[in-house]
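Next up: some structures, all given as structure tokens.
The same subunit A turns up in both complexes below, where it pairs with subunit B and then with subunit C.
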Partner chain A sequence: MRNLLPIYGIEARMSMQRQAQYRGAAFISVLGFLIEPIVYLIVWRTVAQQAGSINGYGVEEFTSYYIVWTLVRVFNLALAPGAWDWWVRSGRISNDLLHPIDPYHRNLAGMAGAKVVWIAVWVPVAAFLVLLFRPEFSPNLLEASTFLVAAWAGYVVRFNVLWVLGLVSFWTTRAEALVEVVVAMELLLSGRLVPMAVMPPWVQAISAWMPFKWTFEFPIELLIGQLSAAEIWRGLGMQLLWMAISGSAIVLVWKRAIRKFTAVGT
Partner chain B sequence: MSRFTHSLKVTLVHWRLGAEYEVQYRLNFVLQVVQSGVRLVTGLVAIQLVFGFATDLAGWTEPELLAVLGVHILLGGVLATFILPNMFTFMFEVREGELDFALVRPVDSQMFISTRQLRFWNVVDIVVGIVVLGWAIDGLQGRMDTVTVVLFAFGLVCGALVLYSVWMVFTTTAFWLIDTDDMAQIITGLYDAGRWPIRVYPLWLQGALTVVVPLGVAITVPAEALTDRLTVGRLLTLVAVTMVAVIASRAYWLFGVKNYSGASA
Partner chain C sequence: MATVDVDNLSKTFKVPVREEGFVNSMKALFHREYRQVEAVKEVSFSLDAGEVVGFLGPNGAGKTTTLKMLSGLLFPTGGRAEVIGFQPSDRDPDFLTRVALIMGNRNSLMWDLPVADSLDVRKVMYSIPDGDYRLRRERFTELLDVADLLTKPVRNLSLGERMKVEILAALLPAPRVLFLDEPTLGLDLSMQKRIRGFVSEYAAEEGATILLTSHYMADVTALCERVIVIHQGRLLFDGDLAELSERFGGIKTITVSVTGDLPDLGPYGTLTEHTAGKGVLAVPRTDVAAVASRLLADLDVLDLSIEDPPIEDVIERTFASGDDVERESDEATTE
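And then the complex of A and B:
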């Protein structure tokens, strides 16, 4: 087993520098991501004004939730499974296979490095949102640092899940429909559309046993102070569990996928 | 034969060829049904959740919001079937230096690059949109008369023209900016904001969705016609926005083509 740590460092730094060259593009893409939560935020503020507090979520909580949402979204951005379709079909994956480091590590590190730049361009946008909607929450240092751990862990879990999904492209070139189903499940069960508190109890129960919630809602609720200490420990445990499950799935599927692949192109 | 009818004929031939090409791939139809179904379900869930806690959203009741969702899906289907495939081909060609082959053809260049392709199976979304609209109309209970239907159809046509023009302006920008994927994300996001009536939004956002990127009015106004909300002022706003969008996108395109120096040199 080679020591991967320096390799992670180099890949992350390279990718960070690459992104930093295209600051404008990074800013525009972060802006593009923000329309979605602003829409949810306005809709649910309007509902909460009428309905009052919904299972602990009133106007203020919804506001904080969707503003932290934007940061968690930047953290949990991972490789879109659609990219695999092209890599495999065009034969481009051959290049990556010749490389001595597994493409998984290079991509995981690379996207992590790029996030540093994205988070930097996120700051002014977030400042604008805070001025506009004036959320009220004040995490202490411990909560803030636990949030960082949970947000990075959420990234790894989401990266892994999408990676496994991407590997399906080795068997079929028509994986989009499957991807669409998983993306919809994520939208509904992760807290991306609404906090789970708004969902009926049976949906909450399903969501707790799926990986999605631990990449989206868990870090958000941690930072806005909706979780007890016990819930935080449980969440971190679930993240570890899903890292292990998704990691084993990758090892298992990757071996078979790579045998399936006959190089295309040059 | 005038230049316009000639271009129109070329367009119809392209659409027919596009449809015939795609009909060969019947599995794609099944996959498209799955994708459209999934998106319909998430749209319905969002509305259901809201009405689990509220009786109206900024004055819009549940069947009325269903009408907005129907228009959103229907126009989204028009976008995906007729407009988007052409826009992405164009951007690809500018990047790869292949656009010259399109520009030298003896037809109107804007018409040609806008109508070359057709992603036929996306008509599933158009059908789903119509079904949702039927469902909404059923829930609205007999507020339909000829005037309503005519205004609604007129609103839809204007909406589709606005959608096309907004994408056309954005696409033309590819002459100068090569990497436009990030901007496409913003336009798509703004289109999705149209899933809710724009009256829900604060004034600054309503203004942006009416004047700057008029995707909001394109979806909301037809739905207003259907739900007895349409005022003369709103109708005129849509007509004015449509005219400005069509003329501006045309002028911008001609300006872009004139200044484009080709990539083959």
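And then the complex of A and C:
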């Protein structure tokens, strides 16, 4: 088995270089990602101010939740399935398939490298949000370290799920419809739109067995101190489980996708 | 053992039939029709180690599809291919390390970063030892004259410059088999010449097997002794260039200069060009000696030369003969 560490190292470094070259674009992209949680934050703070605490979430909790959301969002950003559509249509995928390294590894590493620059851009924005909304949570070193593990694991799970979705492009050059459905499911079942505690119990039950929650809500709640030790272990276990499931799905679908590849538009 | 061995290789694409108009679009919502397009039909050939072979055919003949099957990009729907002992469709990493496909007008380098960064990525991806990497990079950089391009972002390079660094990057792992698909497409003459020179030198020094497609016959005549001609997915010819002229040329050209005005040359052959005192005749190959003797005997000849027709004309005739074959086979199947 080939040692992939040097590949991960150089791809991450190149991606950082690319992002650093377009600092302005990186800054605007991060700002773009942050508009969504800021809207949720303002709406739910207003709701909590008027209605009081909702299933354990009051003004303070919502504030902390959505500010950490911004960091988790930067971590779990993964390759949009639409990129595949373009890769297949433009023929870029042909170039990638000619190399002896699976494009999965190159892209997983590349996106990871880009995050280092995005996080650097995120810091001043987060500082501004903290000064503005004054969230109250103070994780200890162990919680912060566990958060980092959970955030990277969440990235891998989300990357894998979107990668499998992207592979649909090998069967059709119009995979957007399916992607829309999954994005809507993620919005509702991940804690992206609203903490799952605010959702009805049956929605919470479904979300616990889907991958989405483990890429969004789990790392957020871990850092803001909403989880017990048992819940943290369970969450890390679920992330591992979904890494294994999504990883196996990639191996299975990839073999068929490659056979299906007909070099559309190349 | 042949380096590239292709036996009855076929590729059929299933493509949807889309008729124009609103009604037909609505019909397609419920019932979609497909047709089979045979891009490559039972093609067989083999290449020995170190051979440089031209792969010719008009647009849509199946050249690129064949190259993509041989480099592991496309799965064949029939037949068998073996390249340096591997089945390309298995996409074995060892196979992908030792085979390269370079497509003209295609960028595989990192668009926003300097060329040197892309080369460094290749080094890691192909596990090229430090010493080999340094040596090859220096040598290829010199041969292609691209030293000043290595620090420029790829997006700032011209088409010709990009092609040169594409070739440099593709050859860094020292592939044993090289598939070149229109490597000089859109380049000016000097750039074409430099790339031809480099490919020729690489083939000679590394003993690499090269299969080259190009619409520029200068590429083929400069690099290849042998050509394979494919038309509408079928193999039409496999042999050396001289034999191609022999078989499909059919004619030779006689250029004759005379003192005074040019007389009527109609009785000697087909006059294709003429100026005062000089004419070019197309003459059937078998009649050349007799016609030349008659010209020398009948006219006051200043100069006479006999040549093969330009290779472009031969290729055109070859493709035309392919159309005839296809028509005959269609008629045979519809009777």
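As a working rule, the second predicted complex is superposed on the first by the 263 of 266 C-alpha atoms of A that agree within 3 Å, B and C clash if a C-alpha of one lies under 4 Å from a C-alpha of the other, contacts with A are read in each partner's own complex, and residues count from 1 in each chain.
In this section, a residue touches a chain if its C-beta (ideal position, glycine included) is under 8 Å from a C-beta of that chain, and two chains touch if they have at least 3 such contacts.
It should be emphasised that the depicted structure is a prediction, and the values quoted were computed from it without experimental measurement.
Q: So in the superposed three-chain picture, is A:Ala229 touching just subunit B, just subunit C, both, or none of them (first/second/both/neither)?
A: A:Ala229 contacts neither subunit B nor subunit C.
Q: Now for A:Ser94: first (subunit B), second (subunit C), both, or neither, which partner does it touch?
A: A:Ser94 sits against subunit C, while subunit B stays out of touch.
Q: Could you look at A:Leu131 and tell me whether it touches subunit B, subunit C, both or neither (first, second, both, neither)?
A: So A:Leu131 meets neither subunit B nor subunit C here.
Q: Of the partners subunit B and subunit C, which touch A:Ile258 in the superposed model: first, second, both, neither?
A: A:Ile258: touches subunit C, not subunit B.
Q: Which partner, subunit B or subunit C, is in contact with more residues of subunit A?
A: After superposing on chain A, more of subunit A is contacted by B.
Q: Determine, under the contact definition given at the top, whether A:Thr46 touches first (subunit B), second (subunit C), both, or neither.
A: Only subunit B; A:Thr46 stays clear of subunit C.
Q: Identify the partner contact of A:Met14: answer first if only subunit B is touched, second if only subunit C is, both if each is, neither if none is.
A: So A:Met14 only meets subunit C here.
Q: Contacts for A:Pro6 in the overlay, against subunit B (first) and subunit C (second): which applies, first, second, both or neither?
A: Second partner only, subunit C.
Q: Under the contact definition given at the top, report the residues of subunit A touching subunit B in one complex and subunit C in the other.
A: 22
Q: State the interface residues of subunit A toward subunit C in the complex, per the touch definition above.
A: For this pair, the touching residues of subunit A are 2, 6-7, 9-11, 14, 17-18, 21-22, 91, 94-95, 97-101, 258-259, 261-263.
Q: Enumerate the contact residues on subunit C facing subunit A in the complex.
A: 13, 68, 71-75, 91, 93-94, 96-97, 100-101, 103, 106-108, 110, 112-113, 117, 120-121, 124-127
Q: Which part of subunit B faces subunit A closely enough to touch in the complex?
A: Touching subunit A: residues 27-28, 31, 34-35, 38-39, 41-42, 45-46, 49-50, 52-58, 179, 181-183, 185-186, 188-190, 192-193, 195-196, 200-202, 205 of subunit B.
Q: Under the touch definition given earlier, write down the residues of subunit A that touch subunit B in their complex.
A: It comes out as residues 22, 25, 28-29, 31-36, 38-39, 42-43, 46-47, 50-51, 54, 174, 176-177, 180-181, 184, 187-188, 193-194, 198-199.
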